[in-house]
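Two complexes come next, and they have one chain in common, chain A, joined by chain B in the first and chain C in the second.
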Partner chain A sequence: MTVHSTSPQFKQNAARALNDDQLQKALGNVKQGFIDKRQMAADKLPEFEALRDSARDIKNHTLEHLDLYLEAYEEKVKASGGHVHFARDAAEARDIILSICRETGAKTVTKGKSMISEEIGINHHLEANGITPVETDLGEYIIQLRGELPSHIIAPAVHLNATQVEEDFRRVHTHLDAKRDLSEPVQLLTEARAVLRERFLAADVGITGANFLVAETGTSIIVTNEGNGDLTQILPKTHIVLASIEKLVPTLEDVSQLLRVLARSATGQELSVYTTFSTGPRRSTDADGPENYHVVILDNGRSSMLGTAFEEMLRCIRCGACMNHCPVYHAVGGHAYGWVYPGPMGAVLTPSLIGVDKAGHLPNASTFCGRCESVCPVRIPLPKLMRHWREREFERHLTPATVRSGLQLWGFFAKRPALYRFATRAAMGALALAGRQRGRFAWLPMAKGWTKYRDFPAPQGETFQQRWTRERKGARA
Partner chain B sequence: MSAMPFPARPEKPRVGLFVTCLVDLMRPSVGFAAVKLLEDAGCTVEAPVQTCCGQPAYNSGDRGTTRDLAMRMIEAFQGYDYVVAPSGSCAGMIKAHYPELFEEDPNWRAKADALATKTYELTSFLVDVLGVTKVDASFNGAVTYHDSCSGLRELKVKTQPRRLLASVEGLTLVEMKDSDVCCGFGGTFAVKYSDISGAIVEAKAKNIEEAQAPTVLAGDLGCLMNMAGKLSRDGRPVQVRHVAEVLAGMTDEPPIGAAKADAIK
Partner chain C sequence: MSSRDDIFGNIRRSLGVKGTETIRRQMVEDRLERSPRGVIPKRGQVSGEERIALFKTMVETSLATVTEVASAAEVPQSIALFLRNHNLPATLRMGDDPRLKTMPWSDTTLDIAHGPSEGRDLSAVSHAFGGIAESGTLAMVSSADNPSTLNFLPDNHIVVVSAKDIASDYESVWNRVRFAYGKGSMPRTVNWITGPSRSGDIEQTLLLGAHGPRRLHVVVVRE
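And now, the complex of A and B:
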């Protein structure tokens, strides 16, 4: 673990997020933007549901034979003149990348969007060693200026409004005319393009992530909408691909299936604007491309998920549909989750990578509404996996004592029907009497969590079983 | 075993009503509305002694207690042709989750499968199994309908309540925005993460009021109590009822969270 985690303070993070008006306004865009677009894209493709099945099957097959595909991939990359480095954890990955940068004599490094680079905290590490990393995805660039983590895996700056971005650009781009007009989003975009263009040309190393690594050909694939990934990997002398082990896919045919569900699930596009395939360094006949091609493959705890219930999580292709459809994410945004991966996929993955003792809140902070699972392009049963985490917590006695003792008390009665009927009859009778006048309670002892935001409806009085026995079975109760 | 699924529907099906613990304790009138609907549709209804399906334990990670309670449910209901619950959440617990509780126990697994096969949410049972197309009820005014999550996504309950509501004399259905989005209840979630739950139900309450129907209906009492509690707390004048009450024409009781005096006005 490298990036500092505030997941243990999830509740405080969430409370702060709920009181942040600026953030709440920005989150409104998530609710409106992504959902309808995905639905329209899915509706337009009759085979979309069947494609989700085959996407799931492709990933399952790959995970079952991951060792073989990793080896095959490594051989193909070597054959095309590239290098493959396996990193057991974040520290190893950082060291590998730093030493490649040093070999190249790099002063600046451009970066395409990569969640793995956030996971290993590479920017901080490079800076600490005198190398300047420059994020080139617009959203990533903005949050780099702000010193923040992404709040969404495909829309890293979705928590911000245009006025905040304008302030950041005026603060950082001091070489530009202070009186320039930045009131339109397109003006912000144009400015970022101009600033970044110089950075692209100056960079010694380009680091990108990968959406897929193809075992058949040794190819790494990125999808972007801005074209920044292409400039990042083609212009510098050295290209480093940073990816985790579950990005492996057997063949190009498999990739073409996965690409059909990826963009549709993410943004509702049929395909992203750019889908870029890179295989090895520049060949003598190529017009351009890097002289050196490195792939760093990160494990960081993932291989220990193989063969467990959580293996299904490794199917994830990082489309972000789960968080786009999550009511909890809509309410608190991505930063509240306290680490790199937010939303339902983060609620399952984060405990696997940094420990459930630290990230225990995340799988609990779900209503199990199931909307995430209903849109997941690779059919990951996210609520089921969150429940698995709750079971692990319960087994390890990490469940809060109040919840545990409450459950115990309730379980005691629920297992004893006669006692249960007696106790509930008395309790409901008393509660109904107390609530008769208003029909609800604004406050109840031991129900503060409920009554803080809503009234508690009063019961009708007699329980169903009591009345049923009285009316239908004779007056024995 | 007598609990195997039936190849054909019996003429007068014996239905075990799983009333659910919330209806049992908080709003028995919903249970009696379900009984009326089932009897009108030609069923014999019985309500065996019961407590809870175990979902609170299940979703809190306590599999041991869940299994204990599931075994009690399986035994209590194994003799019926069908088991029907006025709740998508509790029916979903039995249908979608009981079998996986007994993955290592073939004997109980078979019993759980048998129970899962014959268990239904109320409106889905009426429409999908019994083929009911209309109910004998009237209701004066517009209603809006909230799709509770488990019923919607685990059991595909979406058109069934709407089809039955369409047959209620005098009733018009007005769809709210995001009717299929969670109300923020989530069982113990509402208490454990009350700040987040409060924000989610606030958005839901707004959507309900903006639909401009005087009444909101749903098929799950947990969600209904959550929405009713928020609507009254925020002073949004919308009445809240379980869909079964309206379908059965049993709306004499005050709405959820309202006093008798409120209902008369």
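And now, the complex of A and C:
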């Protein structure tokens, strides 16, 4: 794994993010934009919930028979004149891509947006070998200029404000008039369009990801709103598709079901502007398109998730709805998660891919509010899976000593209900008495983590169990 | 062991299968053969005038513009008018589509170029394979008739679609693709296009004309 992970420093990352004014301003756009748009799109389609069930079932069915669908897919790609390469891990995928680029004598490579390309760190590898990778999705282009990782899986530069983008463009596009006006976002877009248009036309190889692979026809599918993924794949001589094993679906009908929930969940659109189905290289009857078509199928730990509780995570279609609705993501943004995939889906997937020893903080950074699961188009039980990671972390003794002893102490009481009731009653009574005047505590022993940032409200004196019993009695009477 | 064998081996070990099970193989073959439909939204399940009206409404929802002409013979005039209304030069690029080529372009003063785009064209016209009323989507198939570069490089993309090719849903278009190319086969590129190019990557503000066309204009031919 070459993409460096700062997931072990999640707490420090989060603290820094909370104090970053620029970031906090930019994160306001996530809360405002995505949630309402998704809700409106869902409300406009009475069949939306039924389609979510259908999407979940298609993915489950495919995963259960993944070996057979992969075989069928491979056969179809070959029959259409394309090449299929299998990569066990990131290093192997990088080597395959580099050797294809070298065979074609590539100097520059344009790239459509691909999270897997971030996962394998292909840009760095190409650069180290004298090939220039150019990100063409506007957001990806911006973060490439800044040397950053995406902070969101569909809106990679969501952590930035327009003034920051303007600074980057002035720093990098030095061939343009220094006095030009870039005060409006549309001017930034127009400049990026012109700069990247030349890059598209000059590229030797185009690399895209795949939202889906279709076994029936050997087709790879990308969805974009900008059209950059299309210019990436139809202009150069060689098109390389980088996809992981779980992108497979059986048929064109199946992918049409998934496409009906993808854009609605992601941006609230009926459909993304461009949905592109690519099958093999250009035909003798084509006037344009790539002469060579390669698909690199990456495993990188995913096959080991099959047959475990985490198999459900392989249904993910990378819409980003979970992070758009996550209060933790809203507070700290994507970079704090420390690796490629942020938010709730990242909190479940990252420990699978880089190990729970490195990414154990991520599944702990959740309030289990359940919004992620409620909006997931393929109904992944994200809170349940995060809980699984917490359990594994505990079993493997990776949880910090203070948390472990705290849990042990709680466990001691929880196993002795009479003692538990007595102790909680005594504690609540004492706290109510002590806090009776101010109604709150500015300081409490062993609760510094809480009282450092906010007051602790004084309990009323009654425990939850007491209240429960009282109200049940009241209801019966 | 090759990476391929390793990956298949690992998948099968995790799933607890061998890959030779007759029942599994049959189930997979059957699904690929029958390609069963899933949930089809009612919205698009209308016919005739209603379907064309829905298509046009959805095209406009996607921020494209749409107009209707009575016959193919009226298309050149309609496109010339569109270009004039937007103060665009009277130039147009198109592929070899016989449906487009036989239209009376000499009725207009348009300067027509043929073949794929190299990135310097302001306006291009393509003929769609079909339309999808459910979402106002155009289905384009690649060929010398309608080169894929015309869908993306020009600033203004004009798409002609026959009213009879406007389907209710995506699934109906796939059936037509299968009929034209054979079951399990596809043209090199199928583009579904729903509106003009856009980006929300700067402060989540929607801006049109990212890398693809800034304008998308649809001409529905009735006859």
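Going forward, the second predicted complex is superposed on the first by the 453 of 477 C-alpha atoms of A that agree within 3 Å, B and C clash if a C-alpha of one lies under 4 Å from a C-alpha of the other, contacts with A are read in each partner's own complex, and residues count from 1 in each chain.
By definition in this document, a contact is a pair of C-beta atoms (placed from the backbone, for glycine too) under 8 Å apart; a residue touches a chain by one contact, two chains touch by 3 or more.
All of these numbers come straight from a predicted model, not from anything done at the bench.
Annotation for the three-chain superposition on chain A: chain B and chain C fit side by side. In the superposition on chain A, contact of A:G411 is made with chain B only, not with chain C. Shared-chain residue A:D299: touches chain C; no touch with chain B. Seen from the CA centre of chain A, the centres of chain B and chain C span an angle of about 120°, rounded to a multiple of 10. Of the two partner chains placed around the shared chain by superposition, neither chain B nor chain C is touched by A:V205. Of the two partner chains placed by the overlay, only chain C lies in contact with A:R283; chain B stays clear of it.
Residue contacts after overlaying the shared chain place A:D137 against chain C, while chain B stays out of touching range.
The partner of chain A that touches more of its residues, comparing chain B with chain C, is C.
Superposed on chain A, the gap between chain B and chain C at their nearest CA atoms measures out to 20 angstrom in whole units. Shared contact residues of chain A with chain B and chain C: none.
Residue ranges of chain B in contact with chain A, taken from their complex: 19, 21, 23-29, 31-32, 47, 49-52, 54, 56-63, 65, 68-69, 72, 149-150, 153-154, 180-182, 184-202, 225-226, 228-230, 232-233, 253-254, 256-260, 262. The part of chain C that touches chain A in the complex is made up of residues 2-4, 6-8, 10-12, 14-17, 19, 24-25, 27-28, 31-32, 35-43, 58, 61-62, 95-96, 115-116, 118-119, 134-137, 142-144, 147-149, 151-153, 169-171, 174, 177, 184-205, 207, 209-213. Residues 26, 29-30, 32-34, 45-47, 50-51, 54, 58, 61, 64-72, 76, 80, 86-88, 92, 136-139, 142, 155-158, 160-162, 165, 185-186, 188-190, 193, 196-197, 200-201, 215-219, 225-228, 230-231, 234-235, 245, 250-254, 256-257, 259-260, 267, 269-283, 285-289, 297, 299, 303-308 of chain A touch chain C in their complex. The residues of chain A lying in touch with chain B in their complex are 11, 14-15, 18, 327-328, 330-332, 364-371, 373-374, 387, 389-395, 399, 403, 407, 410-411, 413-415, 417, 420-421, 424, 427-428, 436-440, 442, 447, 449-450, 452-460, 462-468, 472.
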